[in-house]
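This is the structure I want to talk about, given as structure tokens.
For reference, chains read A, B, C and D in written order, and residue numbers begin at 1 within each chain.
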Amino acid sequence: MNVTVLLFASYAESLGKTSLVMPLNTGDTVGDVVSRIRSLPGAGTLPVEPLVAVNERYAKRDRVLAAGDEVAIIPPVAGG
Amino acid sequence: MNVTVLLFASYAESLGKTSLVMPLNTGDTVGDVVSRIRSLPGAGTLPVEPLVAVNERYAKRDRVLAAGDEVAIIPPVAGG
Amino acid sequence: MRSALVDRPIDAADLLGEIARNANGATVLFVGTVRETNQGRAVSGMEYTAYRSMAECEMAEILREASQRFATKDIVLEHRLGTLRLGEASVAIAVAHPHRGLAYEASRYIIEQLKKRVPIWKLEHYIDGTREWVGAGNVNPEPIAVHRPEVVTEERRAVRKAEIR
Amino acid sequence: MRSALVDRPIDAADLLGEIARNANGATVLFVGTVRETNQGRAVSGMEYTAYRSMAECEMAEILREASQRFATKDIVLEHRLGTLRLGEASVAIAVAHPHRGLAYEASRYIIEQLKKRVPIWKLEHYIDGTREWVGAGNVNPEPIAVHRPEVVTEERRAVRKAEIR
């Protein structure tokens, strides 16, 4: 059971990749996935609680993930 | 000693003219000229205290006029 | 900074080009157009007249005020006179500024002041053939020939200047 | 009502034409452009990337909200992605409304919400050769090759969809 994690902009640059596939345990939340991402090399610039989207919608830290979910770690947005 | 009085839009239509030359007595104010205009035929639509400009600037009712002044009676403006 | 009364269609894209500078990050354009209804009545067109010389002075003064209050000189304002069809632009204001907040505020300030102070009048024509001076009440509901006071004004000014000399 | 991410220059006049209707009396256009300085540093250009699919959803949602709050469907929003030169438009919002107050408010609402919620990022390039992700701090001051996450995102989505099937 996996989720896809997308990285963008400064986070993608810091971690050296724009996406990764991460194994998921039953009951894992957004917060659990973020913690695992933050333990990767280069993740020092990620805040403890970054903005996260699940399947293209902003999601809270306690959102429980399902297989195949697309989890996006969203750096501070700067459109306009 | 005269002043030119300019009329516009609804006021010009009511009074049937767009300008007139009016004799001026020493010390006459904007208010005096307005009173005389209001006594003309068709001036029923003019309010007691219409907006007035003297020489292209808004002026108060007690402004004393000088020979050659251009006095404009300004209907409610509706630009835009 | 430029303001003008014009007797031809307003080209909004031209105004945007006129104020474009790389120092600015935000541009706000306001365009006022002739609406097909006003207070429930079906409109067929609009006729704008002005006390031209004074209107030009007031428009320039409003731009000076906006420039000082909102810290930009990249402002252009055009108001059209004459007979306009539905949908045509009667007024356009373009403001550019390094920051968007002040661009919006300057734009709003200019249109509100214009509507309050600039001696421009509009004669609304309705599809039933009647006409009305907007803001002045229904002074003459019959369709009649329209005066064009600003033309006579120019003549009068010439007379006045001659008298003063 | 239409919102889009575009990979070509934004044509503001086109947007104005798109929302023009005789029922409207006021049109407000906002254009955001690349500024030559930011926080005192000389800028040479800007590179915009996005989480494309989500950005499109959020932009459409913001327009729906604005339409309900301010009572108009005559709204169009375009945000450009890719490499932009100084003075080029990164975003444009055109709103038309019967009344000007709500046109201004809708325009302002849309740009503020866009800046708050839509997953778009900009990499600012400076004339001294350095670059910085705006809003993210100076994570890498060395000039290096730029990732284009949105392209990979599309690939990833295809992979994900294949995995689900």
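Here, contacts are C-beta pairs under 8 Å (C-beta built on N, C-alpha and C of every residue); 3 or more make two chains touch, one makes a residue touch a chain.
Everything numeric here is computed off the predicted structure, so don't read it as measured data.
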| item | value |
| --- | --- |
| Given chain A and chain C, the chains that contact each of them | D |
| Inter-chain centre distance, chain A versus chain B - centres from mean C-alpha coordinates, in Å | 73 |
| Distance from chain D to chain B - Cα centre to Cα centre, in angstrom | 53 |
| Chain C and chain D: spacing of chain centres that average the CA atoms, whole Å | 31 |
| Chain A and chain D: spacing of chain centres that average the CA atoms, whole Å | 23 |
| Per-residue overlap in chain C, given as positions that touch at least 2 other chains | 32, 111 |
| All chain pairs that touch each other | A-D, B-C, C-D |
| Chain C residues within the chain D interface of the complex | 12-13, 16, 20-37, 86-87, 98, 100, 103-104, 107-108, 111 |
| Residue numbers on chain C that touch chain B, as the complex places them | 32, 48-51, 53-55, 57, 79, 90-91, 111, 114-123, 133-137, 139-140, 147, 149, 152-153, 156-157, 159-160, 163-164 |
| Chain B residues touching chain C - in the complex, by the definition given at the top | 2, 4, 6-10, 12-14, 18-19, 45, 53, 56-58, 68, 70, 72, 74-80 |
